[in-house]
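Next come two complexes built around chain A: one with chain B, the other with chain C.
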Partner chain A sequence: MVSAGEATVKLRGVAKRYADIIAVDYVDLDVKYGEILGLLGPNGSGKSTTLKMILALIRPDSGSVSVLGIEAEDDPVAVKRQVGYVPESPRLYEFLTGLEYLDFVGDIYGLDASEKKGRIEEYLEAMELEGREGDMISSYSQGMKQKIALISAFLHKPKLLLLDEPLSGLDPRSARIVKDLLRKLTAQGVTTIMSTHILEIAQAMCDRIAIMYEGRLLALGNMKELRQKARLPGSDLEDVFLKLTGTEDVREVVEALLK
Partner chain B sequence: MNWKTVLRLVSVDVKSGRLIRGQRLRRYRERRVFQYLLYGGACVLGIAVGLGGGIFYTAVPDSDLRTLFYEGARLLFLSFPTMVLLYSLVFTTMSQIQRMGVRSSIQLPYWLPITWEEHTLASTIAHLIGLPLASIILFSSAIATVSIYLETTPLAILTILTLLASAFLASTTTEIFRVLQTRLIGAVYKSSGKAAVWVRFLGSLIFLIAFYVVWFSLTSGGGSIALIEMLTSAQEAVWFIPYVWLGVALASFMNGLLAQTVIFSLASLLFILVLFYVAVKLNARFGLYEPPAITVSRGAYVPKVGFLGKLGFSSLEAAVIRKDFKAFTRRRELMYVFITPLVVILVPLMQYLGIYGGPVPPEASRFLSAWILLAPGAIMAVMLGTMIIGEEGGSVWLFFSSPITARNLVKSKYAFIIIFSCIVMLVCGVIGILIARPSLDIAIVLLIESVLLIFALGAVSLRAGIKGADFTEVPRPRMVRPLTVVVYGLLCLLLALAIFSPLLLHEVTMGYIPVPVSLPKIDLYVAVSISAVIAVIVTFVFYKIALAAAEKFLTEAEV
Partner chain C sequence: MPVPKWLVVARNEYRIRINSIRTIRPYFPYLVIALLAVYVAFIAPAVVSLFIDDLLAFFLSQVALAMVPIIMFIIFFYFIILPITYTLQGMQAGQVEIFLAAPIKPSDVLLGEFLGVMPFYAIAITVMAGFFTAALNPLGLDMLQIAITVIIFVATFLSALWIGTVIAALVRTKFAKSARGRDVGRALSLVLALPMIAVMYAIMGGGLLEALADPGTSGMVRAILSLLPSSWGAEVIVNFASNPGNIGAVGFETLTRFGGLVAFFVAVLWLGTKAANRAYSIEPTTFTASRAKPDGFFYRTVRYLGGGGSFGTLLVSVFKDYGRRLENLSRIAYIVGLIAMVNIFFGGGFDDPEAALLMGLFLFPFLAVLVVGQVTAGGKESLFIYKKTPFGVGRFVKARLLQGWLVAVPIGVAITVVSMISIPQTTLISLLTYTGFMALIVAANVTLALGLSLLNPEFSENTRTQMFGLIVNAQVAMFVSLGIFIGSLIVLDLGFLNTVLLQTVVIWLLGIVFLYLGKRRFSRIE
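Coming up: the complex of A and B.
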């Protein structure tokens, strides 16, 4: 186990290829204990693959991934036990009710009955799913499904949260609850790695931000450090991101589209 | 109507059926060869049948036999339109039933400028892609080839045209059925409240069993000959039913009644147009209808402890078993697993009881009881095993991302296969014992053999299910790769024979199965013991292989 001041996640020379596509290109990254790290990058930049390698879902072709002091490749099940994961567009068992799904996830993580009941009821109330928890998930809206996926990631009190677009489809109240919850969990020592395209959220929530581009880690640091790196003092994350990823030709693209 | 739009929509549907999971999920592979192999094969087979018939016709010196063949072929032509109509109705309805459970199935993009006419026509044509089209090609190529020898080309052309019209008629009917059932299901959910899950389960089961029993009654053995005889003789008697008008038109043409041919052909065309119009209107009215939510539970949440824990399952394993039980009773696309074992006993039973087909001699009861007690549980084990991993579909990410070990996965899935198959075996066994009334010895031995088969074939098919898992859900859940099903299906058959062979030997040596030589007698219980040893070895070996496969499956999860 790791404690304050240590890195919860350590990536050393991690690379992953899919045939001729380089998904992740020799990335070194330390994620500190109890921080929220924002993982940003254009589509196909390797964010989701990186998250999956941290969760031991995918084996890297080279390099090593250490999570909470456990080598992911050596003991993937031990890593998964400590992690809460929400993938991008999670598919849930639509034939189960929301309650049955959470009950199932609780059992998968070995929660005892009273603990499971208490947590499920608290989360259902907080996410305003009460009254619909007995309905089959097939009838839920996208936002409701996202709430169920988030609750299932929080349910077993994980030490590391891996969230791929966690606020996608959430109503403002639920999004606020999730943001506040993540901050509170951080104070309790929970580490969060969050991949998102919503830069305002990343800027407001994350202690540090990692920007990935074409599988490489382009930049890593807090807002001040990123501004310095981009040589854009006083700019917001959007400008910094566009500058660092070399995709700041937005105005020309828009003008071309309007022709 | 924009025909290009219709063609593009049909092509989207065809392509959706080609999504085959490759080893690398990032690489989408289209296997065009396999797509057209079915139609090419049907065409070649049809031509071969036609050539065979034609050569036989010209080679036969006996003019009476030639006349008989000629008349027989004409009668067969006559039955084709209604036969194709029935077959197409069955194929297209089954295809729809499999799709219905998948909400994410091909949703035609309603937000695009596509009219309901274009949508309905594309959907109607798309229903026919696959087996219905292959059977039309098979029949058409056989008819066209044999007609050259019989010198009945005009009749052959008209027959082929009526075949196409029959298939379209069937497909349009299915389209209407599809829209109506969606609306009907919505009404059932609304009115039955919490019981909706069970109402749906039992309703689907009864519908599917009735459907399959009728289908097998019509197509198996003497049933198909009776069907052809019935179609050729009775369709003119029921001329007022629009569905036989195409057959009546063909019969009129054969009899030289041209005016009647034209009238019934035009009436058929009009009927198809009216049905198509109804389908368009129903789609416009209910096409976007979403059935209301099924509320399964209300009130305070009480976590269930259950009896699985007492049987030695961890909370994780018990959760997976409970989840699978819900999947197989709530997902309509999975409900057909119940059908095969039930139909397997219903069809011979109906034959035995003389409901259809010829009478069965009383001595057949020994084999009937063996069949009813052995087959359903074993078939259930094989079917469940092959699909139990692939049925997870897109939700399988939860298995990969949660702390499930290979041991947990195999133990829970295998336990589910055994429990479910044993329930089916017991239910079917009771029916079999009550009807075939085997002796107590035979009944006990067959039940033991059935359990042995369930354990052994369950392990083999679970290995197949892990190895050939296919998580594709669009346009219908695939669950397992077809090649895996064929290979492991044959393996299961061979292993079942190996397990059952000591009992067969017992039957032979005791004289129940006559052989020309006399053999030393093998005691029934000795035979059962040898059978049990073989089953235990098969179970052990394949359970271990399944464990190794699950290990690989979980560690190489490329999601």
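Coming up: the complex of A and C.
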């Protein structure tokens, strides 16, 4: 196990290819204990693949992934026991009720009955799903499904959260609840790696930001460090991101479209 | 103490499967057990007693030596393909991700998925074992023989179910990760059943029973089937029928075959758990994007037929969307295969061209529903493309109608021609007349099927739900054809040609009315 000051996640020379496509290109990354790390990058930059390799869902072609001191390849089940994961598009069991689904997830993580019941009630109340837990998931809105996916990631009190677009589909109030919850969990020592395209959220929430591009780790640091790297003092994350990824020529694109 | 992970998965799988009867879920197992007990104790013996003499004669005959292994093989095969078909129809890689992200071993997931569906298959096994034991009991089988017979059914079909579950998991891993893979899966799910339908038709109309009365043929079939574990148990059952109450007379055969079956069951269980790691993976299998070639002669012709302008483009788009889905092509293959098998196995008895056309006449509504019956499936989103444009719905319906005619009519014509030219009495005049009528009937059925599907739209993306909607529409269309046929040929005695003529007119009229009503309803859907 790791403690404050140590790295919860260590990636060393991690690479993943699919035929001719390089998904992740020899990435080295340390994620500190109790921080929220934002993982940014354009579509296809390797963010989701990186998250999946951290969770041992897919194996890297080379390099090593260590999570809370456990080598992911050696003991994937032990890693998964410590991690809460929300995929980019969670596919829940549509023909279970929200409560049945959470009950199932609680059992999978081996929670005892009373502990499971208490936590489910607590999270359902926090996420304002009380009264809807007996409805089929198929009848839920996208935001409600996302809330269920988030609860299922928080339920077993993981030490590491891997969240792929966690606020997708949530209304502003629910998004605020999740953001506050993540901050409280961080204060309790939970480490979070969050992949998102919403740069404002990343800027507001993350202690550090990692920018990936074509499988490579392009930049890593807090806002100040990223601004320095991009040589854009005083700019927001959007300008920094576009500059660092070399995709800042949006004005020309817009002008061409308006011609 | 925490619940074992495989039991958690099994309970979840069971809950999903009985979702549609969740109001009676707490009582469901007791209800089923009670009904099965009544079946085994009273219903099966009562049903068997109605034709007990024939059954006993069958079990003691030459035919049974090969027929029982064939029956066991058919059921064995079905138990393998049922979980595969179920998986292929509704594959979702995202749900596998739920398991893989959790601290659970793939072998526990596999075992859980198997145990979760087992109660439903256990019902079928109990029904079959109950029937066989009721049929064999009057011969005087002792308790040990009856117990072994029941174990044979359990071991044979649970082995098959386990094999099917493992293959289903492997297939899901292979296909579920991409839209093309899921399409291939849905296509396969339909045509998988065709070989077994062929065997059943061969038994029903192909003279298989008569052929098996010959010791040479029977011996050959037995020798081939004896390689399969389903036959090992079958041979034990046939031996018991010949030696009731005297297991010692067939002790060695029983020991080797029954022992072999139990060993097979244990071996497949072990191998399945070993294959589990391969069966649950979300590693992408391909990153190759499907690329379409530029429009060739066919699409240029379709665009021309659609007037060349914007409607021509719409028609080509409808064709591409239809033709690029293997699922649609497999449905055509299925219905053509079905008609071909009917002609092969039952066609020997046709002595005039009209009789050869009958099956087509009843199956063309099914063909029409399969071609245009899914006009709304796959979500409402695509519907908005048409609804948001001026006259979009009308143009969409027109395009689907034309597409349905262009696909179904040539198939109907080809089936008619092939069915008729195999009959020596067919003349050129009768061939041309009936082919023309059949083309008109297929076109009318397409119109009717499109109208029905617009009236009864199915927006689900789930293949099983879609198929249910299709079957409902197909039943309506087939009953229309059947009703006209019985009314005109049998009740009014109008003769075959007049019946075909009447059928053409009535289906066209109904088709136009239903299409009008369907389009109206479709325009008003919000």
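Here, the second predicted complex is superposed on the first by the 259 of 259 C-alpha atoms of A that agree within 3 Å, B and C clash if a C-alpha of one lies under 4 Å from a C-alpha of the other, contacts with A are read in each partner's own complex, and residues count from 1 in each chain.
Definition applied: a contact is a pair of C-beta atoms (placed from the backbone, for glycine too) under 8 Å apart; a residue touches a chain by one contact, two chains touch by 3 or more.
The structure displayed is predicted, hence computed values, not measured ones.
Participant: After the chain A overlay, clash or fit between chain B and chain C?
Facilitator: clash
Participant: On the A-aligned overlay, A:Leu99 touches which partner chain: chain B = first, chain C = second, or both, or neither?
Facilitator: After superposing on A, A:Leu99 lies in contact with chain B but is clear of chain C.
Participant: Classify the contacts of A:Glu133 with the two partner chains as first (chain B alone), second (chain C alone), both, or neither.
Facilitator: first
Participant: Name the contact category of A:Ile120: first (chain B only), second (chain C only), both, or neither.
Facilitator: A:Ile120: touches chain B, not chain C.
Participant: Quick one: chain B or chain C, who's touching more of chain A?
Facilitator: Larger number of chain A residues touched: B.
Participant: After the superposition on A, what does A:Ile58 contact: first (chain B), second (chain C), both or neither?
Facilitator: A:Ile58 contacts both chain B and chain C.
Participant: Is A:Val190 in contact with chain B, with chain C, with both, or with neither (first, second, both, neither)?
Facilitator: Neither partner.
Participant: Quick one: which of 98-106, 206-214, 224-232 or 296-304 on chain B sits on top of chain C after the fit?
Facilitator: Residues of chain B that run into chain C: 98-106.
Participant: Please identify the positions on chain A that touch both chain B and chain C, taking each partner from its own complex.
Facilitator: Comparing the two interfaces on chain A, one with chain B and one with chain C, the shared residues are 18-19, 21, 52, 55, 57-59, 77-78, 80-81, 83, 85, 87, 90-93, 95-96, 100, 104-105, 107-110, 136.
Participant: Name, in rising order, each residue of chain A that touches chain B in their complex.
Facilitator: Against chain B, chain A makes touches at 18-19, 21, 52, 55, 57-59, 76-78, 80-81, 83, 85, 87, 90-97, 99-100, 103-110, 113-114, 116-117, 120-121, 132-136, 138-139.
Participant: With touch defined as at the start, can you tell me which chain A residues reach chain C in the complex?
Facilitator: Answer in residue numbers: 18-19, 21, 52, 55, 57-59, 77-78, 80-81, 83, 85, 87, 89-93, 95-96, 100, 104-105, 107-112, 136.
Participant: Spell out the part of chain B that touches chain A in their complex, as residue ranges.
Facilitator: 24, 26-27, 103, 290, 292-298, 301-305, 314-316, 318-320, 322-323, 326-327, 330-331, 393-395, 397-398, 400-405, 554-559
Participant: Residues of chain C touching chain A in their complex?
Facilitator: Chain C residues touching chain A: 2-3, 5, 8-9, 11-12, 15-16, 19, 92-95, 97-105, 281-284, 286-288.
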